[in-house]
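Pasting the structures here.
In what comes next, subunit A is part of two complexes: it sits with subunit B in the first one and with subunit C in the second one.
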Partner chain A sequence: MLMVFLQQALNGIILGCIYALIALGLSLIFGILEVANFAHGEFYMLGAFMALFSMSGLGVSFFPALLIAMIGMGIIGAIIERAVFRPIVGKPLINSMLLSFGLSTALANLALLLFGADPQKIESGLADYHLRFFGLHLTAERLMVLVVGVALVTLLAWFIQSTRTGKAMRAVSQDRVAAQLAGINVSRIYTVTFAISGALAAAAGTMVGAMFFVSPEMGFSVTLKCFIIIALGGFGKIRGVIVAAVMIGLAESLGGGFISYAYKDAYPFLLLVLLFMLKPQGLTGGSGR
Partner chain B sequence: MNGRMTGAKWLAGLAGAALLCAVPRFFSLDYYLHMFVMSEIYAVLAMSLALIVGFSGQVSMGHAAFYGVGAYASALISLKSGLPFWVTIWCAGAVAGLLSFVIGKMVLRLRGHFLAITTAFFGVLVTLILNNWIELTNGPMGVPGIPRPSPISLPGLTLSFETRADYYYLGLVFVGLVAFLLYRLVNSRIGNALIAIRENEELARSIGVDAMAYKVFAFTLGGALAGMAGSFYAHYILFISPVTFTIAESINLLVMIIFGGMTTLFGPVFGAVALTLLPEFLRMAGSLRLVIYGVALVIFIIWLPLGVWGTIKSKWMERRG
Partner chain C sequence: MRGKGILRSVLCVAALLSLGCAAWAALPDGNVRVGVVMPTSGTLAYDGGLALNGVKMAVDEINAAGGVNGHKIELFVEDSAGVPATAVAAMEKLVGMQKVVAVIGDFGSSGTLAMMDVAKRSQTPLITPISLAPKITELGNVWTFRGCDSSEMIAKAFTKWAVQEKKLDKWAFIGVNTDYGRGSVDAFGKKVKDLGGEVVYTEYFQQGETDYYPIITKLKASPANTLCLLGETVDLSRVVNQFHEMGLQEKITVMDPTSGTFNPKFLELAKAKANGIIGASRFVASIKTPKAEKFVADYQKRYNIPPEKYAQAGYDVAHMVAIAVKNADSTDTAKVREALAKIEYEGPQGKAHFDAKNQLQIGEYIIAVKDGKFEIVAGPIMAE
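Up next is the complex of A and B:
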């Protein structure tokens, strides 16, 4: 029983890594542009397809495909920011909610049309290697998710903390006007934010495609979960988002394993509603508007 | 809103009503009538959501849950107890209203995106329960064999509900009554209080408006009306299943009220009718249909953020000064 618990917990943490990558991008967009991107799950889906096709079309192996997907979705993310989100920055939140919902519908159905509905698998070539320790079981693929996930999150944290662009991003999220007055090119920061978020989502999508499947409708439920994560973690807080992502991963994995699998999708929400009721300030404190 | 209706407005209203009543004469194909009946159901849903989102400013992403609960309540009560639709539609309103009262009490102290996500949670939860409480709801297989409304005969007119035209007329009455109720409501003191809460809740409270009570009232009434719309849907389609009442439907309703403009009453009706008919016209685009729909939504929100009707109204107000 204890072993099953630990195994489920380990799976939950790996799931949490994936969620963290997607939710961090969503949280950056929310913090810096103050728009809600309901099409974020579609970035993740498109990234996965991009990796799939660069492997089957260009014949590259898994890790170069991951890189191609990240760069490709970074560029698409930047284009989408310029063309779609730029005109509604500063408008009420419900505008961006519905706009991005339209974008999500368009992208998901375009993918359905172009790529078909059948789930496809990305062959990472790592699934055949197994690790066993203390009676726990881990495929090399899942270990790779853990390593790549932690590496990307660390890289992001360093980027935001230490580089000029990262500092400018933080400045814009704190006070857009003051940042502009200080000579920061806010327009460029917006584009960079979307590019980074797109790339992170693509990485997550590619890794999920290797562990499970790639399909056009994989995006929407993930979007909802990531909104829960950024609400749990406190909007715009990296550490809070990571903690919340792992919590949600654990809740899903342990709840699905021990309570009832049928209600698996409700546990993240339940966690969130409990938090709102008990501690309206969010996990890490701050403004609980 | 000017309170008194002038003679010209009465005349225009009568002409409009006559035109609406004549619709089944011109579009006798079942397919068209079905689209019109669905437009009526969506018109009620959109108005009930506009009361919550547009007039009170509380973004709800779980409205389809009340629609679904009303549909299931009405269908199950009429199947198990044999009560006619004319009774069960009120039961549906009561059950959905009670549920939205309880949920509203819990969630309405939250604001903005917190409220949106929490209401989305209840929406997802209701779908999950409809899918998994198989003894009661028959799960994903849905509830078949829901009885039609029992025939009614008025002087000079008999509705047997064997044809879609009969449902169309009943729906017209339903939409008219709900529109009248909400029109009176939003132009009353209650409506003023709701709008004050939407514009600035702190200020409204500072002048003695019990914001929580008004918000819960709007949420409850909106939920109850959605439940009654659900009952109408159940006894019209005669089969219900959980896939009709998912979060995608909640978002669809939000899109309708945004499209029409949610701070008026006619806006949501316009949005509901337009967005029920538009995807059907787009059927000729085949599998590109939903892609076009999504792109249209994006373009629309960029260019007409007040909604079609809201934009027309504000332009008109501008010209009148």
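Up next is the complex of A and C:
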């Protein structure tokens, strides 16, 4: 029983890593641009397709494809920010919600038109290597997800904490006008934020495409889940979002394994309701990060 | 002399009369008109087309061999589009305007169930080559025949083989969370228990689910030696992939009794992981009987694809209708119905006859996936 619990917990943490990558990008956009990007799941979907096509079209192996997808979605993210979101920054939240819903539908349907509805699999070549330790079971593919996920999140935390651009991003998220007065190029920060979010989503999409499948409709449910995560973790808070992402992963895995799998999509929402009842100020409290 | 003349003329009249009588009892002039209702448009168009392939091939064979007592069979094909209301309209048209002797159709059970009332009212035999719902032959409608197995028969034959022959006694079920999934899990679970097996694990998933690790992990900790899957192609390919990732293939036999995995898309998604999945089917192209081999070769030559169970059923049912008309030697629908109920048929699938409920009694083959092909493991197994 203990082994089953530990195995389920391990599965949940790996799932949480994926959620963290997607939710962090979404949270950054929300914190810095103050827009809600409901098309974020589609970034993740497009990233996965980019990796899939680099592997089938260019013949590269998995890790270069992951890199290509991240760079590609970084560029597309920047373009989308410049073309679509820039004009509505500072407008009421409902503007960005409607706009991004439209963008989400458009991107998903465009993918459906261009790539077809048939799900496809990214072959990382790692799924057939099995690791066993202390009675736990892990494929090399899942270990890779864990390692890449943790590495990217650490990299992001370091970038935001220590680099000049990262500090500027924090400044903009605290007070846009003050940051502008201090000489920060706010427009550039917006573009960088979208590029980073796009790249993180693409990494998550590629890894999910290897573990599961790539298909045009894969993005939508993920967006919703990530909004729950950033609501749980606190908008714009990195550590809170990571904790919340792992919590949601664990809730799905343990709830699905020990309570009922058929209702596993309900557990994250239950968690959210519980949190709002018990700790309305959010997981990490009212202030600080 | 004169007496002889009278005798001759009496004989002549008698001969003429008897000829006339014979002509009156036998098939009338013209073609034997047979109706077909199949989905030739909509989502079932491809599968419906396969059944229609079989029907057309059978009719061409019969006509080339001289037809039914010298009369050619003429087909009237209507599209049901997989919609019950359309199927009923198609059936009305066939019996009302085309005056067919029998109707072959529909594909989906709901279409066939809807057409059954028209069959009864118009007193026209209706024979479905595809529909599986047990209800069709349980309603007591004598005008309706099922020219294939029912889902009940598949379940019986399959569990009988698995539990009694293969000694697979500890069953786990993973099913899609729909009426079909839950209904099938209940039905199969009950049969397994009746045969002395145990159901040790049951889980349902939402359609389109991606991550099955929570339930596969739980499955690993259960004492199950059999995993029975009830769902659709894409979802099941994920289950099977993750089942292999957890390394359970040595310990547990995977079963797919309703054939959600026996199609090319599944083989493409699961690749070598599809190997060893066991299912049931009344027909596969690798059956080695002379009738089956001839059917497979002729079909392959005509359509450039190997036949599967839909084409086989269409082919068999069209032959059954022709034999019934021949035995009845009439186009009177009541006589054709009686003849159909008494038929003793042997086709590519094997020997077959109808029981008192107009359900065809045939055997099931147990099949397994091996390197992208479907191999016969056992059979034919009769449900009773």
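Rule of thumb we're sticking to: the second predicted complex is superposed on the first by the 286 of 289 C-alpha atoms of A that agree within 3 Å, B and C clash if a C-alpha of one lies under 4 Å from a C-alpha of the other, contacts with A are read in each partner's own complex, and residues count from 1 in each chain.
Heads up, the rule we're going with is that a residue touches a chain if its C-beta (ideal position, glycine included) is under 8 Å from a C-beta of that chain, and two chains touch if they have at least 3 such contacts.
Quick caveat: nothing in here was measured; it's all calculated off a predicted structure.
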Applying the touch criterion given at the start, work out whether A:G256 contacts subunit B, subunit C, both or neither, answering first, second, both or neither. second
Touching partner for A:G116 - first (subunit B), second (subunit C), both, neither: neither
What is the contact status of A:G90 with respect to subunit B (first) and subunit C (second): first, second, both, or neither? neither
Counting only touches as set out at the top, which of subunit B and subunit C does A:M3 meet: first, second, both, neither? second
Touching A:D265 in the superposition: subunit B (first), subunit C (second), both, neither? both
Between subunit B and subunit C, whom does A:F227 touch in the aligned arrangement: first, second, both, or neither? first
Pick one for A:F101: touches subunit B only (first), subunit C only (second), both, or neither. first
Intersection of subunit A residues contacting subunit B with those contacting subunit C? 262, 265
Quick check: in the complex, which residue numbers of subunit A touch subunit B? 36, 84, 87-88, 91, 93-95, 97-99, 101-107, 109-110, 112-113, 224, 227-228, 231, 235, 262-263, 265-266, 269-270, 272-273, 276-277, 280, 288-289
Quick one: in the complex, what on subunit C touches subunit A? 177, 203-206, 208, 210-211, 213-215, 217-218, 220-221, 234, 238, 241, 245-247, 265, 269
Under the stated contact criterion, what part of subunit B meets subunit A in this complex? 53, 59, 106, 110-114, 116-118, 120-121, 124-125, 128, 131-132, 247, 251, 254-255, 258, 287-298, 300-302, 305
Considering only the defined contacts, which subunit A positions touch subunit C in the complex? 1, 3-4, 7-8, 11, 15, 118-119, 121, 127, 130, 137, 139, 141-142, 208, 211-213, 217-218, 252-258, 261-262, 264-265
